[in-house]
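Below, chain A partners chain B and then partners chain C, in two separate complexes.
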Partner chain A sequence: MSIEVNGKTYETDEEGYLANLGDWSLEVAEAMAREDGCDLSENHWEVVNFLREYYDEYQIAPAVRVLTKAIGKRLGKDKGNSKYLYELFPYGPAKQACKYAGLPKPTGCV
Partner chain B sequence: MTEQQNTGGTVKKFLYINRRAPHGSNYAQEGLEVALIGAAFEQDVAMAYIDDGVFQLKRDQDTSAIGSKNFSATFRALGDYDVRKVYVERESLESRGIGEEDLMPLVYEDEDDDWEEKPLVSVVSAAEMRDIIDQADVILNF
Partner chain C sequence: MAVKAEFDIPVITNVPRTPGLREGAMAHSRPFVAKADHQEPLGFPGELVEDWHDRAIGRMGELLGEYRSLQVFMDACVKCGACTDKCHYYLGTADPKNMPVARQDLMRKVYRRYFTFAGKFFPRLVGAVDLTEEVLGEWYSYYHQCSECRRCSVYCPYGIDTAEVTMAGREILASVGIGQKYSNEIIGKVYKIGNNLGLPEPALADTLEGLEEEVKEDTDVDVRFPLDEQGADVLLVTPSADFFAEPHVDGLIGYAKVFHQAGIRWTLSSHASEAANFGLFIGSQGNMQRVAMRIREAALELGVKRIVVGECGHAWRVAYSYWNTLIGPFDFLDPDYPAPQHVCEATWDLVQQGALRFNRENNDDKVVTFHDSCNVSRASRMGSMPGGQFLIPRELIRAACNHFVDMRQETIHEGTFCCGGGGGLLTDDLVELRVKGALPRMQALHEVIEQHGVTHMAAICAICKSQFTKVLPYYDLGMDMIISIHQLVGDALELGVER
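Right after this comes the complex of A and B.
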């Protein structure tokens, strides 16, 4: 599978996750979200950027429970809860946000 | 064996035994990822490092010259996944000339104690390791 952004084609796996981390850009993230019918707001970006930093530091995409706890610590309890995160990412916060962040599927997510 | 009930069913005591050096094969990275998956499913996860497995926890690993991913950063996520038991066999460290100070300072943040960072690694003797292995419900070797 692949995704086309501004005339360039990027390889993805069968679930739409980027095959190469290095292909990621803001435009790719926006195109992926558009395909899902999701308009990325500042609140979405906060989570996507957090995931990119997490991956940079730990070399894995965190499972949803780990993400929720870490967001709570970083951005406050009103954001570190399932309700808030599922409202932003209805397909599953870790899965969907990791996809837009250009990361592989979260470790602990099957 | 006492069984605890949790939302997902029975919690079993999983022990992941790691005996190989980190970067010559995929075993170490796979073992760590499988352990994190177990932890994400709220199993009781313990990690054991024996023989060359103790090299996995060495600090300041650098894989740039062999072109493989430096997954050693991922050990620092163990605490985030609520893993609290990481055992390293003392005899394996000693016979390889590795001191405790050569290991990564792995910690977890104690949510109930104002996020205080607490050490994750326990260095145990071979005899203690035998007891740890005895007490596990499920053992996975990597």
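Right after this comes the complex of A and C.
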């Protein structure tokens, strides 16, 4: 599978996650979100950017409590919970936000 | 509001019904196939091998020799039909090939052709068929529509264990190059990084540090989440989902509070940061042993006296029923404790000793029911009494909550229904199957919601918790209804001064 952005084709896995992290760009993230009918707001970007920063340091997406804590700090305490994250990413924050951030899909019993 | 789906969501009826047959209703359902990268680290060929036919029959012959049970299961079925309406996937999909007998027959008809006199010479008379690519495809589809939950086996007069047939089917498929991506990728991560998630040690340490801060903020008590602490008494191995996901993490917080309050020195291990063992799901003894071995290594390395297993259904099955042969003996552990011990057992012991005190009112906003996980219920035990695996979790809930009710009798204890996502099927490429397979549990849950105002369903399995989080909204129920037993325990536990 692949995704086409501005005339360039990027390889993805069966579920649309980028095969190569290095292929990621703002445009790719926006194109992925568009396919899901999701318009990326500033708050979406806060989450996506945090995921990328965390991944860069730890080579894994953050655990849900790490994420909600960080988002609470950045966007206000009322938003530091998974209910809010599910509002932003209805397919599940871990999976949907990881996809837009260009990270691999979390595996395991999650 | 229910989630929109690209398939029909089963309707919950007042009285559970056995559906009329819908031939081929789930013939399209098949999970992603493993790529070479997922296959090879497990010792399987990267793609379909040229001589797949002979290799598959050869592997089947080996399995029939290795597991006398498989041979008996192939021969013993008398087609009595007792299993036909017992499988949640049949009840939820109406596909007749999801009747356990029919799913087993996909292998049985091949077995007859190659391993029985009648099938070799008069195949048509005994319904024997050649192994073709089409048959392999059917195996791949339907052996990934069985969660190896073994409910059907409870009702089989011969005790035929469908799970073992499914495991053999998957093992044969993987050995000719057709493995399942979800399970095999995960096993590869355990080998490479140490857990199903691929959570490296620094990320685990960071996550645990965050949890210490969180509990401190909530309770003003310094509850620790120790990692790789040499000389601890207890090694806790738990599913990595407990570090990562909700509602799992609140269960982990509960374990930590219990150990803290009881003054038990415990530790997690970055080498064995996973209790789950998907080697079981794919029917591969070799991989199951390799995954489990990390736990023995960690226990010896850290010098612990006890191994306690967190809330994970199949991990407990592997620990309770297989560890001793796979990674035993455990003569280096304290003989005064069961080796291994389930975290519910450990907590229950402490409750009985009076080491823990609870404010049940903390859970008064909840009316709780309990979902027995298949592997705990039908493949293990807790405590020293028969049925301890049913009793102890319920006693823990009662210790921590004032309001508890059970679901309908035939859907609990050894008759429990699978959550719909067990056995290596907890993957988004099987979401239709998962939603449909959850129907019987949703039906029973719906009943206690209507009759008793149940607000929460507790479970002791990471797969059950993730599965219900995903499927509850399809049935118009809140994803946060599902919680860990140790969340209830942790929320009600009185945390006193440090000991």
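Annotations
Throughout what follows, the second predicted complex is superposed on the first by the 96 of 110 C-alpha atoms of A that agree within 3 Å, B and C clash if a C-alpha of one lies under 4 Å from a C-alpha of the other, contacts with A are read in each partner's own complex, and residues count from 1 in each chain.
We take it that a residue touches a chain if its C-beta (ideal position, glycine included) is under 8 Å from a C-beta of that chain, and two chains touch if they have at least 3 such contacts.
Just so it is clear, the model here is predicted, and its values are computed rather than measured.
Judged by the touch definition given at the top, the superposed model places A:Lys73 against chain B, while chain C stays out of reach. Legend: residue contacts after superposition of the two complexes on their common chain; A:Ile3 is shown touching neither chain B nor chain C. In the superposition on chain A, A:Lys95 makes contact with chain C only, while chain B stays out of contact range. Once the two complexes are laid over each other on the shared chain, residue contacts for A:Thr107 go to chain B and to chain C alike.
In the superposed model, A:Ala63 makes contact with both chain B and chain C. A simple residue count on chain A separates chain B from chain C, and the partner touching more is C.
Looking at the shared chain after the overlay, A:Cys38 reaches neither chain B nor chain C.
Put simply, chain A uses residues 57-60, 62-63, 65-66, 69, 107-110 to touch chain B in one complex and chain C in the other.
Interface of chain B with chain A (complex): residues 33, 36-37, 39-41, 69-71, 73-74, 76-77, 80-81, 109, 111, 115. Across the complex, chain C meets chain A through its residues 32, 181-182, 185-186, 189, 195-200, 202-203, 206-207, 210-211, 214, 239-241, 243-246, 248-249, 276, 312, 426, 428-429, 462-463, 465-466, 470, 479.
Those residues of chain A lying in contact with chain C across their complex are 14-15, 57-60, 62-66, 69, 82, 86, 92, 94-95, 106-110.
By the touch rule above, chain A contacts chain B in their complex via residues 57-60, 62-63, 65-66, 69-70, 73, 107-110.
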